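Pasting the structures here.
Both complexes shown next keep chain A, but they swap its partner, so chain B is in the first and chain C is in the second.
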Partner chain A sequence: MDESMIVGKNHLRVDAWEKVTGNAKFTNDYTAPGLLFARLVTSPFAHAKIKSIDTSLALKLPGTKAVLTGQHFPFLTGSLLKDRPVLAVEKVRYHGEPVAVVVAKSDHEAKLAAEAIQVEYEPLPVVNTVLDALAEGAPLIHENLGMYKVVKPAAPEPNTNIAHRQKIRKGNMEKGWANSEVVVEASFSYPKSDHAAMETRCIRAQISAGGNVTIYSASQSPFVIKKLISRYFNVDAGKITVHTPFVGGSFGGKAAVCLEFIAYMASKAVNGKEVKLVISREQDMLSAPCHIGLEAKVKLGCTKDGLIQAAELSYWFDGGAYADQGLAIARAGAVDCTGPYHIENVWCDSLCVYTNRPYATSFRGFGHSELMFAIERAIDMMAKKLNIDPLVLRQKNAIRAGNTTPTQVVLTRSNIGSLIKCLSRLKEIINWDEGARIEIDENKVRAKGIGCLWKAPTSAPNATSGAVLSFNNDGSVNLSIGAVELGQGTKTVLAQIVAERLKMDMSKVHVTMEVDTRTNPEHWKTVASTATFMVGNAALEAVKDVIAQLRQVGSVALRCSPEQLEVGYEKVYLKHNPNIFIEIKDMAAGFMFPNGNAVGGQLIGRGNFIMQHLSHLDPTTGRGVPGPTWTVGAQAIEIELDKRDFTYKILRAASVIDAGKVINYKTAESVTMGGMCMGLSIASQEGFQFDSNGLVQNPNFRSYKLMRLTDIPEYIVEFVETPQIDGPYGARGLGEHGVIGIPGALANSLSIAVGGELNRLPLTPENIWKQVRGDSK
Partner chain B sequence: MISFDFDYYQPCSIAEAVSLYHQLLAAGKLPIYYAGGTEIISMARMNQLFTKAVIDIKTIPECNVLHVEGSKLVIGSAVTLTQIEESNLFPLLSEVSKRTADRTSRNKMTIGGNISGKLMYRETVLPFLLADSQLVIAGNNGFKTVSIHEAFNERLHLQSGEILVQLITEQSYSTLPFKTVKKTKQSAIDYPLLTLAALKKDGQIRAAFSGVCRFPFRLTEIEKEISQNQMVVDERIDRALKLFPAPILDDIQGSKEYREFVLRNTLVEIIEWLEGVS
Partner chain C sequence: MPEKKMYNLYVNDEEASVVARPSDTLLHVLRDQLGLTGAKPGCENGDCDACTVLVDGKPIKSCLMLAIEAEGKHVKTIEGLKNTRIQKAFVENWAIQCGYCTPGFIMNGFALLNQHSNPDSETINDWLSGNLCRCMGYAEIKAAIKSVMTSDHADKSS
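Let's turn to the complex of A and B:
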């Protein structure tokens, strides 16, 4: 077996058979005798005082076991800023906010009891948009913002609706504008939307007589659940075990920890009996945190020959009623505010703004598909004004080694890859040279639009991962890791990394599927496209450890020095004479000489990884190192538009991403394609619609539409490979990137088709019609 | 999940169903007739509908008829939209039906349920309005056959306990030139921004509308205007629009202004197409 026998090959996913046969078990698939059920009571108002909550009727129902309201949770939660009660206290701040939870003998009785709870509200003035929220004299959503505890770097502005302001001040703006011969300025709008994972959120919790807490959660963050339950409820961390079986899609939405607190308290209220918290689709859309929205203002200055000199960027992220990760998204948006372009002079204020809308948490791309929509539209507008080919303008300004990012990180070939190569390849595969706009007939026009992408994983600076290897008596290896399988194929890719380094067949590598926080080593959270990078590096460390042990024991058994030995093909053998060897299966639990003497003992490999050289951002300039690397790429969309009514068909979608090294093309292709589909869906039709009272008008799949199989275009996915030297086999993160450039690319293609500027999503035919007519909204 | 309890009945005959209805009504059970159940289940789940008894009419033979008798096409009210599409006995109805909901739903949705449902669109009524169909309705006093124009005005008007049993259509309507257009906000499977169904009979255009106003309708006054082929199309449409029976909808599917824009385009498309065929 040569090097790269496994990495770079399309190995069948290790979870494939369970999933295609319907046998894979998800959190809601488990039941047990005596299991109790919890249901939420949620707010029908976007902003209202809670005058009273009458639980007496619900408590009288025969199946009811307990009812809890905000008064049972006298504390605030938040991973960066503590601003959110577990259940609303005194007032509700968004439509769908949980105000009570009931526990009953059956799900049916829980639903009945939830419906019997009577809450009296007094409506308050609603802050419906970020512009309303920032207006002078706007009602305050959090009157006590100044008193909230800041957990991680956050800059809330008391007596306003600003949860965080991240500043970027790079270079000299005066100089930048002085050098600019052409200026483009425009506003952009990207609505709040839903994650729409196939599996709705689900949690089970129980507390044993001995005080052991067991939680099952469809989560991306089982280790964070353990930490937070320990912190908020004063339970020893060692007594808490969190299990995460397969997760049926998450897209960032299951990284937030919120319903777990309710499930834990619900179990506590019934003497620790196991309680399952069931979330309906409507509650999953409204009550649980959603995808952030963005209002942006972009001003770009450029020389006549197309070199960008200055960027002034205002990003107002619509965080909704609570900050959660919205605050970190505003920061991430600032970190990469310019898109993948080299700009010397940058001014950016990126805000997380409170509104009376469902609160936001991470969503695939973490603020990047939002800001890239604004940037990519502005780049196309600039190209038009300069009369330069938009692809050429991107090539001229593409960021590369030696340039600095908005937070002044000096880039290397390893940590930035090659956007130029991505653009060149994209140009060929979409046949860009035939022209961006082609008239088909009197009514139909075809057009192509481009959108570039970049993203760094903005983790905690000390984010860490571990991996443990153990062996079976057939010589096969078990890989124990804390990364969650949520459909992205992480277990397969990590198994390939281990198999490659051990030169072992994939069928001999067994990965733990469910995550169990007591037995699996911690992985920070399965977010930010980091599992391959972080867990992959930890797994390589573990393999290195095991190889050292095998050589050590092998040297005793084979009477040679460890340095003379090689490990591979399930054997330890002499480099210069592979005919002298021992099989790993004969060493897995110690090696025994023919006379009965034994050495070695069990082989257990350990590896870990911690982010290095990251730093907090300077609050005044933003200077700092936010992430270890960037993944760049270029995407394009081709559409055919009917000029009469602005209906259109998406014909082709293409992506070329610098993957560093593709570990498994099929999983890389499918995760990218999935991202592209998501980007198209968001940009073409998704988005919550609010009435003037801040109530969501489409909180269900009857009225909230997603792309259907019949709508999907031809997908073309290719990769460029500029190795990331510190990544496993040179691989970069890929999980989120497919989504990032797509909204911009779709909007660019449609703008080219209609000959106008489409700067507001979603691009439904009506919204195109309105923007072409020049309506402001 | 539906949180309230209700009884389920499955009568074998119309007489049994009607009699059950009255008994249950007298017992305070707020009975409703049940066929495909797509609307009842989804509304009950959200507490937008309440009942203590459902009477399933799916096994009643008369409600399951789908055939041609002499010159008439007879469709039982419990026939599913999928069955109608697959039989294709009335192509215009098949086309309208195909654009209603998704296939999985249409496997359950019945023609009677769609026409008498609570959702305002009731798109599958349009072909019957155009074809001057007859409705067979059963009640306490047995069966009666009435013109659809008599029983359907904005919605189907039935007396308490009456069942829509069958829809009867002259077979000659199945061979007339027709065109139907459904426009949605974006996704092909969605409630209509508007659905238009039209056919040409004796040189005159007949047109029926769903999703334009808060109920489906066909008005002969509108048809007269759009059929005046000595006049330019835009002018005919201007005159027709003045005759619409209610304000044009303004909701999450689309604004009033955009609907009117799409309505005009769609009318042009339909009129030009129908006038082009002989």
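Let's turn to the complex of A and C:
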């Protein structure tokens, strides 16, 4: 086996067989005699006073064990701003908000009890859109906003519906506009939607007589659950164990901690017995946090030859009823507000706005597919006005080493990669030169549109990760990590990284699948495409540690110096004479000489990682270092449109992403195609439909349409490899990125096809027709 | 509350007695009483096919069928497939991410290939358009199904 025998190869997924046989266990796949079941009672109003809650009928039912309402949770929660009661208190702020929880002997009885709870409401005026929320005299969703506790840098504006405002002030706007010969200005709209992971959220909680708390949750953040349960319920963190088995998709939605609090209290209400809180699809879409929406205003100024001079950007993220991660999304949106373009003069106000809509949390791309939709559309509008090829305009302005980002980070080749290379490759693979718009016949037109992407992971500045290696007596290695397998293939990729460095066969690397916060080293949370970077670096540290130990013990056993030894192929051997060696299996639990003397002891490798050189953003200018690196890419969509009724077929979808180093092309391709499909789904047909009272009209898969196998285009996925020097084997994060440029690319292709400006998603034929006709909504 | 009743199903070629209410779905009886959790609830509304099992050889959304309707019938779940070509094809084509939709796709695909050994694209679309996957772009799944067509699908002994 030579160097790079494993990294860069298409190894099969390590979890594949478990998943094709039905063996893989998800949180909801567990039941046991005596298990109790909890169900939620949720609000049928988007904004209403709770006048009374009558639980007496429910409590009289034979199977009912307990009923809890908001009064049982006398505190507010929120990871950045504490604005959310666990169960509604005094009023409800969105359709689907949990108002009560019942615990019963069976799921069936829990449902009956939930239906028997009577809540009397008094409707309040509904704030249905961000524009309503920001209007003069708008009803306040949080009257006490000024009194809420701010946990992390957050800037709520009391007596308004603004949960946070992130400012970017870079360069000199006056100068920027003075240098601009052509200006484009437009508004864009990206609807609120849902993560729609196939597995709905599910939690089990149990409290032992000794006070040990055990939680099973379909989550991206088991370690955060532990911290928050400890904080809110005053339990020693060491007494809490959180388990996360396989997770059935999440896309950011299972990073939020919310239902875990309800499950914990439900168990507490029944003397600590194990309780399973099951969430129906409708509740998963409504009650649990959803995908943020965006209203944007973009103004770009450009010289006649296509160099962008100034950008004025207003991003109003529709955070819904509670801030949750919406606040951090507004911040992330500001950080990368210009898209991957070099612009000297930037003004941006990125707001997280409260509305009476389901509240948002992180979603794949963390605000970037939303802002990139606005930016990419504006770039195409600019290209049209300048009469420059839109791909050329992007190439001219593509950000690169030496440029600065909106938060004034000076970029290097390592941390920005090469958008230019991505664009030139994209140009070839989509045959851009044949023309962006081709008339097929009198009714049909074929068109291509481009959308670029970039994203930095905006983690906590001190986000940390760890890895522990131990060995079995067959010489194989166990990799213990705290990152969750959400489907992205993280366990496979991390096993490859370890196998490569140990020069060991993949079949000899066993990764822990379930996460157990008591035995696995902490991993911040499995979000922001950072698992390969963070855990991968920790795992390499652990391998380094193990190799040092093997050399040390090997030097005693082989009577040489540690420096003379090499590790690989399940052996420790002399560099200059590989025939002199000891097998790792004979050292896994210490090495024993023929006479019975022993040295070494168990081999245990440990490695850790912490983000470095990140800083908080300056509140007035946004200056600061938000993340360690960016991933850039260029995407394109080709469609065929029928001009008569605006129906269209998506023919091709292409992505070229700078992956730094592709560890496993097949998993990288699959994750990227998944992101592209999701982006197409969101942009073409998804989105919650609200009635005038703020009620969601489509909280199910019958009326909320997702892409199906029949709708898919031909995919083309390629990667450029500009190494990220501090990434494992040079790899960059890419889990989220497939989605980011797609909505913009689809809207650009359709805009080119219809010869208009389609700036409001989703692009259903009806919506296209309305926009072509000039309706504002 | 309606009385529970005991009745027999044949699941994965074995007789199984279950005790259930008349309103219990096949999905819940398989999962909760027989421990066969491969069939997944995705919507419990007939919209996603994650719960697909075979009843007398035909793919059925087990969230829409009452367990009592399956009385005396032969039910096959993903746990009843052993080393079939289609399972192998999903592994070898990376047609899996989170794996939640996988059992439903495999059961539908297995039934499809039993009825059409060489389905064209349109037939594949017809059979699999009911299955939702949120992780993948579906291309891998199509490739997995197609790869089985060109090899010998039938490991019908399993």
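Observations on the structure shown:
Rule of thumb we're sticking to: the second predicted complex is superposed on the first by the 777 of 777 C-alpha atoms of A that agree within 3 Å, B and C clash if a C-alpha of one lies under 4 Å from a C-alpha of the other, contacts with A are read in each partner's own complex, and residues count from 1 in each chain.
Keep this in mind: a contact is a pair of C-beta atoms (placed from the backbone, for glycine too) under 8 Å apart; a residue touches a chain by one contact, two chains touch by 3 or more.
As the structure is a prediction and not an experimental result, all values here were calculated from the model.
In the overlay built on the shared chain, the residue A:Lys770 is in contact with chain B alone; chain C does not reach it.
After overlaying the two complexes on the shared chain, residue contacts for A:Gln689 are found with chain B alone; chain C is out of touch. Contact with neither chain B nor chain C is seen for A:Ala209 once the two complexes are overlaid on the shared chain. By the touch criterion defined above, A:Leu709 reaches chain C but does not reach chain B. Using the contact criterion defined above for the overlaid structures, shared-chain residue A:Met678 touches chain C, although it does not reach chain B. Using the contact criterion defined above for the overlaid structures, shared-chain residue A:Lys111 touches chain B, although it does not reach chain C. Of the two partner chains placed by superposition, only chain B is touched by A:Asp645; chain C is not.
Comparing chain C and chain B on the residues of chain A they touch gives the larger count to C. Legend: residue contacts after superposition of the two complexes on their common chain; A:Gln697 is shown touching chain B, with no touch to chain C. Of the two partner chains, neither chain B nor chain C is touched by A:Ala32. Under the contact criterion defined above, the residues of chain A that touch both chain B in one complex and chain C in the other are 108, 702, 706-708, 710. Against chain B, in their complex, chain A makes its touches with residues 107-108, 111-112, 115, 282, 644-645, 647, 684-685, 689, 697-698, 702-703, 705-708, 710-711, 762, 764-766, 769-770.
Interface residues of chain A, counted against chain C in their complex, comprise 10, 12-13, 15-26, 28-29, 31, 108, 195-200, 246-251, 280-281, 485-489, 666-667, 669-671, 673-674, 676-678, 700-702, 706-710, 712, 715.
By the touch criterion given at the top, residues 1, 21, 31-32, 36-48, 50, 77-79, 81, 87-88, 90-92, 94, 96-103, 106, 124-125, 128-142 of chain C touch chain A in their complex.
Residues of chain B touching chain A in their complex: 1, 3-4, 42, 46-47, 183, 185-191, 252, 254-255, 258, 261-262, 265.
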